[in-house]
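Here's a structure for you.
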Amino acid sequence: MDHSIDAERLVDLRREFHQRPEPAWREFWTTCRIVDELERLDVTEIHVGPDALATERRAAVPDAEELEFWFERARSAGARESTLERLEGGNTGAVAVLERGDGPTVALRVDIDGLPIEESTDDDHAPAAEGFRSRHEGTMHACGHDAHATIGLGVLEAVAESDFDGTFKVIFQPSEERIAGGEPVAKSGHLDDVDALLAVHVGLNYPTGTVVAGIEGSLAVRQMAVTFAGAPAHAGARPNEGRNANQALATATTNLHGIAHHSDGITRVNVGVIEGGTAVNVVSEQAYMEAEVRGGTTELMEYMYANTRRIIQSAAEMHDCEFEIEPQGSAPSIESDDRLSDVVATVADDHPSVDRILESERLAGSEDAAHLMTEVQDRGGIAAYVGIGTDHPTGHHTSTFGIDEASLEIGIDILTGTVLEIGEAGV
Amino acid sequence: MDHSIDAERLVDLRREFHQRPEPAWREFWTTCRIVDELERLDVTEIHVGPDALATERRAAVPDAEELEFWFERARSAGARESTLERLEGGNTGAVAVLERGDGPTVALRVDIDGLPIEESTDDDHAPAAEGFRSRHEGTMHACGHDAHATIGLGVLEAVAESDFDGTFKVIFQPSEERIAGGEPVAKSGHLDDVDALLAVHVGLNYPTGTVVAGIEGSLAVRQMAVTFAGAPAHAGARPNEGRNANQALATATTNLHGIAHHSDGITRVNVGVIEGGTAVNVVSEQAYMEAEVRGGTTELMEYMYANTRRIIQSAAEMHDCEFEIEPQGSAPSIESDDRLSDVVATVADDHPSVDRILESERLAGSEDAAHLMTEVQDRGGIAAYVGIGTDHPTGHHTSTFGIDEASLEIGIDILTGTVLEIGEAGV
Amino acid sequence: MDHSIDAERLVDLRREFHQRPEPAWREFWTTCRIVDELERLDVTEIHVGPDALATERRAAVPDAEELEFWFERARSAGARESTLERLEGGNTGAVAVLERGDGPTVALRVDIDGLPIEESTDDDHAPAAEGFRSRHEGTMHACGHDAHATIGLGVLEAVAESDFDGTFKVIFQPSEERIAGGEPVAKSGHLDDVDALLAVHVGLNYPTGTVVAGIEGSLAVRQMAVTFAGAPAHAGARPNEGRNANQALATATTNLHGIAHHSDGITRVNVGVIEGGTAVNVVSEQAYMEAEVRGGTTELMEYMYANTRRIIQSAAEMHDCEFEIEPQGSAPSIESDDRLSDVVATVADDHPSVDRILESERLAGSEDAAHLMTEVQDRGGIAAYVGIGTDHPTGHHTSTFGIDEASLEIGIDILTGTVLEIGEAGV
Amino acid sequence: MDHSIDAERLVDLRREFHQRPEPAWREFWTTCRIVDELERLDVTEIHVGPDALATERRAAVPDAEELEFWFERARSAGARESTLERLEGGNTGAVAVLERGDGPTVALRVDIDGLPIEESTDDDHAPAAEGFRSRHEGTMHACGHDAHATIGLGVLEAVAESDFDGTFKVIFQPSEERIAGGEPVAKSGHLDDVDALLAVHVGLNYPTGTVVAGIEGSLAVRQMAVTFAGAPAHAGARPNEGRNANQALATATTNLHGIAHHSDGITRVNVGVIEGGTAVNVVSEQAYMEAEVRGGTTELMEYMYANTRRIIQSAAEMHDCEFEIEPQGSAPSIESDDRLSDVVATVADDHPSVDRILESERLAGSEDAAHLMTEVQDRGGIAAYVGIGTDHPTGHHTSTFGIDEASLEIGIDILTGTVLEIGEAGV
C-alpha cells in the first residue's frame, strides 16, 4: 500500500506510551503527548478533554487527591502546560477531525488507558530487557492500549496523506478499563454524524497475521459501587443499638450470587470488592462493595441489574440500613455490522502479512466501545470492532503481557485501507 | 384443714381426664366432662365455650376437618350433647363462678389441653401398668394438665363447701400448649373484676412436698406462621420466570437467627418448622414457616418481634415474593406479686405434707397464664403463679411423664387455703 | 403407506390410558393393559417388570404404602392378576421383542407414566367434555405419555404386520417424569444389541403436521434427596443444646443458588422442595430437601453436582449436622445421530400429513431417554429423539393439556417407516 | 492521709500523657516518659519492653512500617534514646519493683495506650480549650489511660515514701484497647509471686466521689483475624475458574451472627471489619475479616469460639477456599475477690472526698486485666478491679471524653491506702 508510514517512528511512539501508563481518567500525559502529535499533522480540528466528552456522564472518576497526583506527575514528565490545564478534573482524551471533502464521515476509536498492574522486571519480558518498562511503578500497559494510541495516530497520518474524500475522526478514548469512558464519548456529539465507526483491539489471543473482521457478542455490563450505612455500637455492651452494615453487605453478597439463571442466555454477577467496619469490637456502621452484572445481551444484563437493585435494597432494609448505588462503568453488547466487516475482510485479504481472516468471533469480556457502536448504529450508521492479531507471550492483564510490534503496521494498514475504501465506495 | 374432699374421687377424676387427652382447641370431651362436674356442684354461673372466650382473639385454631374429627370423637365417647354443641368451631373451655357475699373476687386458672405425644406403653409407666393410659393414640397428658383440671374442680368444691365470703371463679383454660388460649380468656371479660388471680402448675422439676409460692420471669413469647408466595417456573427451562419462595424462606431463616443480642437480657429466636415447594424441578411457588421469638421481658420479646417482621418482609421482597405473617400463640413475661405469694407461702407453711417452700423461682419456658395475670395486674389486682411439686419420673413433654397423685390433694389444700385467706383478709 | 392400522382403535386405546394415569413406578394398571395388547399381537418375547429393568438402579421409588395404594387400585380396575403380581414393589414397565430375521436390531422407546396434576373439568377441555377425563383425581396424563404408549403399540403392530427383516423391540419405560426410569432400563441388558434406537415425544409446542427429525441438547440433570440430621432442643430453655437442621438447610439452599456460572454453557440449580422441623418451639432436628442440577452438557451438569455436594456437606458441618445425599433421577444430555434423523426426515418428507420437517431442534428440559440413547451410542449404535407435532391447547404439565388425536397415526407412520427403512437399508 | 503528693504535678503529668496518645504496641514515647519518672524515684528494679512481657504471646502487633512511624515520632518528641531502643518491634510497657522488706507482694496494674479517635476541637472540650489537646491527629486518650499512667506513678511515689513493708510492683501495661497486652504481661513472670493484685479504671459512668470496690463479670472475649484464600478469575469470561473468597466471607459473616443463644448467660459475636477482593470484575481471591466473640463467663465465650471456628472452616470449604484464623486479643471474665475489695471499701470509707461506695458492680465490656487477675488467682493470690469515679462529660471512646482531674488524687489515695493496709495486715 502507498500510505505506509515510518515503522521505526511507530515503534518509538508505542514505547514512549508504554513507559508512561496512566490509569482511567488519569491519562494526562498520554493525552498531552497525543495532542503534540496531532498538532504536527495537518488536522482540521482537535477537541481536548471536556470538549471531547459529555463530562457529566463520567463514572468511576478517582478522588481529587488521586487526580492531583497524576496531574502533577504528568506535569513533571513534561506534559505541555497549555494542553494539560484543559484536562483538569480528569477530563482526559481527545478527538481529532480531518475534513477532506463531501464523502462519508468515518471514525476510528482507540482507547488509551493503562492498568494498575506492576510490570514484570523479568529478562524474558521485552520492555524490561530493552529498557522501555513502565516508569510508573504499579501501573502498566498490560492490554495493548499503548499500541492502540499509536495505531490511531498512524491511521490518522496515513489518511491525512491520502486522497481520502470525506471526514475522518480519530477518537482517543480514556477509561476503557473501567468501561467508564465509552458513554461520555458516545454522548459527546462527536458521533452524531458518523456513518461508519471502526474500533480496534490487538491480541485477544490471535497471533500476528490474523485479522478478525468483526467481533460480536461481548457481554453487556453494568458496574456499581454500593454503600450500606447503618449505626455503630459497642459489640459487647450494646449490640442491639447497632444497625449492622456488614450483615447487610453479607446478605446482599450471598443473594446476588443466587439470582436465577436466565433461559435466554448468558448472565454473570460478581461482588468483586468488599470493605466494611472500623474495629473488631464495633458493630459495623458502614460497608462498601463494588459489584457488576453482565449479560449475553443488553436485555439479559438489565434482567440481572433489576434483580441486583432489588436484592441490595432488601438486604439494606433487612438490617435496617440505608444504601446507595452509584453507577460505575457500563457497556451494551457489541454487534458488528457485516457490511463494514466485509470491507475489513476484503482489505485484509489483500495484505501480504495477513495469513488468516476470521469473519466473526465472540469476545468473552465486555467493551465500552459498544456505547459508541450502539450510538452510531442507532442513528443509522454502521460499526465494526476489528481484531488485529499480535503474538503475545502471556494473557492480557498480566505482568508479562507484550505485543509483537510488527502488528502495529499491519493494524494501521488494514484500518487505513478500510477508511479509504469507505471514502471511495460510500457506506 | 377442714375443706378436704374425697382423695379417691380426685384420683379417679384425674385418671379419667388422663385417658382422654385432647390437644389445643379440641378439648371437647374434657370441657363437657368438666361441665358435668360443675353442674353437680352448687355454682352460681357456668360459662361455656364462646361465653368463656373472646373468640376472635383465638390463634392456632386447627382446620375444620381436624376439629370435626375430635368433635365426633368426643360425641362417641359420650360427651353430653347439650354442652358439646356449644363448643362448635373449637370454642372450648369453661368458667365457673361462685358468688358468696360481698368479699373480694378471687380467681383460679387451670389449663386443660393435652399434647401430640405418643404415651409410653412401658410397664414402668404407671398409666400403662395400671390401665389408664391414653385412649387417644398419639395424644397424651404429658404436662399434668389432667391434674390441673382436677385441682380446679377440687378447689371449687372445697371453696363451695366453705364459709368463703366473696366471689370465686375457676377458669378452665384451653390451648395453653399452643400459648393461644391465654389471650382470648384474658379478654373475655371474666377477669375484669378479679382482685386476686392464682395460676398453678404441678411438677416443674420440684418433688412432692415442695411449693413455689410465686414463679417469675418466664420468657415472653410470640409465635407466628409465615407464608411466602412467589411464582412457579420450570427450573430447567425457564428459571428466570420463577419467583423463588424457598430462597426467600432460606434467607429469612438465616437472618432471623442473626438478630443482634440485646444488652438488657435474654432473647431467643427459632424457625421451628419449614416447608416449601411442590416438585424438585419446579421453582418453589410457596413456602411456609413457623417461627417464634422470646425475651426475658415483654420488651425484649417485642424487640425481637420487630426485627423479625422486618427481616421476613425484606427476605420476601428480596426474592420478589409476597408474604403473610399470621400470629400464633403469644404470652408476656410472668411476674408474681409478692403480696399474693406471701399468702401462698404462709398457707403452705401450715401444711403437714409441705416440707419446702420456695419464695420465688424462675420459669425457663413461656406460659400464657401471663396474659391473664397481666390483665388482672393492669387493672390493679394481684396475681401469683404457684408451683406444686410432684415427683415425676421423667421430664415434662416426654412419653413417660407422670405425677405423684398425692400432690393433687396438696395442691387443692394450698390453693383453697389461699382463696379462703384472701376472702377473709381482703387483698 | 400400507401398514396403517385402525385409527379408531388407536383413539380408544389412548383414551383408555388417559382415564387411568399412574405416576412414576406406579404404572401397574398401565403395564398390565399394555401386556394385554402385546399378547394379542404375535410378539416373540414379553419382558415384564423386573425382567425389563435393572431393578437396583431405580431411584425415587415411593414408599410401600403408596405403592400398595396404586397396586390395589389397579387390581380393582381389573388389571390382570398374573401380570400384576410380577410388578410388585413398583417394578413397572415392559419390553416387547419381535424377531423377524437377521437384519439389524431396532428399538423404540416410549414412556408411560402420568403426573400428579388435577385434570381440568372445564367444558373446553376435550377429555372433560367427551367423557374420558382422568378417573384418578389428582393424577393426569398431562404430558402425552398416553399417546406415547398408544404409538408404541401401534408401531409394534404395524411392524409385526410388515415384512420387516431384523429384530424390533418396543420399550414401555416407566418413571420418565421422575427421570428415574431411564437408567434402570438402559442397564437392563435389553439395549445391549440394539443398532438403532428411536425415542418419541408428541407436542413440545410443535403443531400437528410438524416433525422434528432429531432433537438435541436437552439438559443433563441430576436430582437428589438430601437429609440434614441435627439434634432437637427446647428453643426457649436450651437453644444451645440443639444442632439446627433448618439452619443447615437454609444455608445450603442460599449457597446452592450461588454456584458460579460456567463459561462453557448453560447451568441450572434448583432447591425445589424443603421440609424441616417438628414444632415451632423446638430446634429443628431434621430437615429434608429435594434439589437438582442441570447442564447444557453432561460435564457442565457434573460441575454443578460437584459444587452441590461440597456445599451441602459444608452447610451440614457448619451447623454441626450430619447429612445424606440420596440420588434421585438423572439423565445425560441428548444427542441425536444425524444418520438416524436423516432417515426420519426422509420418511416424513413422503408423508401426506406432514407439512414441516425440522432437522434438529433443542429441547429445553431434560429427558431420561438420554440414558438409553447414550447406552446405545456408547456401544456403537445410533439413536434419535423424534418430535411428532400435535396441536395442544395449553402447555405440557398443565391441567388443560391435550393432544390432537390425528397425530397418533402420523407418529405411528413416521416411526414405522423409519424402522422399516433401517431394516431394509441397514444401519 | 499522709502520703499525698503534689496535686499540680499530677495534673501536669496527666496532660503531658494526654497530648501524646499512642495506640496499642506503639506506646514508645509514653513508656520512655514513664521510665524517666521511674528513674527519678528510688525504685529497686525497672523492667522495660521485652523484659516486661512474654513477647511471643503478643497479638495484634502492627506491621513494621506502622511501628517505625510511631517509633520515629517518639524519637522526634524527645523520647530518651537508651529506653527507646529497648522497645524496638513494639515491645512497649514497663514494670517497676519496689522492695521494702519481707511483707507481702502487692501489685498495681495500669494501662497506658490511646485510641484511634480524632479528639474534638470544640471549645467545650477542656483539652481543646486549655491547650492540651492531642498532638497526634487521629489518636486520642479517650478512655482515661493517661489518668491511669499518672495514677500508677502517683501510687508508686506514695508507697515509696511510706513505711510500707513488703514488695510493691506497678505494671504499666500496653495494648489494653486491643485486649492484647494482658496475656503477655500475665505470662511475663512478674506476677508469679504476687499475693494481691489491684487494677484500676476511672470513670465507667461513675461520678467523682464514687468508688467501686470490686468490679465483676466483665465479658470474656476472644478476637481473631481471619483470612479466606480462594482463586481469582475474570468474572465475565471465566467465573467458574474462580474460588470466591468474598462469598466464603459473606456466608461466614451471616452464619456467625446466627450461633444459637446460650441458656447459661450472655453471649456476643461481631464481625467488625471485612475486606476482600481486588477489582470489581475479578472473582475475589482473598478476603479478610476481624471478628470477636464474648461470653458472660469464660465458658460461654469458649462455646461461641468453638462454634465460630467451625463456621469459618465450613464457610471456607463451602466455597473451596483455604482459611486461617489468627488469634488477636483475648480476655477471660473478671472476678474480684471480696477479701481484697473489702479492704478497698474500708479505705474508701475513710476518704473525705468519697461519698459513695459500691461493693460490687458489673462491667459491660471486656478487660484484659482479667488475664493478670486470673494468673494471680490461679496461683493462690487475690485480685480486685477498682473503679474510681470521675465526672466525664461524654461516654468513653468518644471524641469529647474527659476526666475530672480531682479524681487523680482520690484514685492515688484509695489505691495507696489499700496497698499499705495489705502490707500491714497481710493477705
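For clarity, chains are labelled A, B, C and D in written order, and residue numbers in each chain start from 1.
Keep this in mind: a contact is a pair of C-beta atoms (placed from the backbone, for glycine too) under 8 Å apart; a residue touches a chain by one contact, two chains touch by 3 or more.
Fair warning: this is a prediction, and the values are worked out from it, not measured in the lab.
Set against the Cα centre of chain B, the chain with the most distant centre is A. Annotation: A-D is the more contact-rich of the chain pairs A-B and A-D, by number of C-beta pairs in contact. Spacing of chain A relative to chain D, judged by their CA centroids, is 51 angstrom.
Between the Cα centres of chain A and chain B there is a gap of 69 Å. Along chain B, residues 237-239, 244, 247, 251, 254-255, 257-258, 260-261, 263, 268-269, 283, 364 each make contact with two or more other chains. Residues 219, 221, 223, 234-237, 239, 244, 246-247, 249-251, 253-254, 257, 268-284, 287, 290-292, 294, 328, 364-366, 397 of chain C touch chain B in their complex. Of all residues in chain C, only 254-255, 257-258, 260-261, 263, 266-269, 364 touch chain A in the complex they form. By the touch rule above, chain D contacts chain C in their complex via residues 237-242, 244, 247, 251, 254-255, 258, 260-264, 283, 303, 310-311, 313-315, 317-320.
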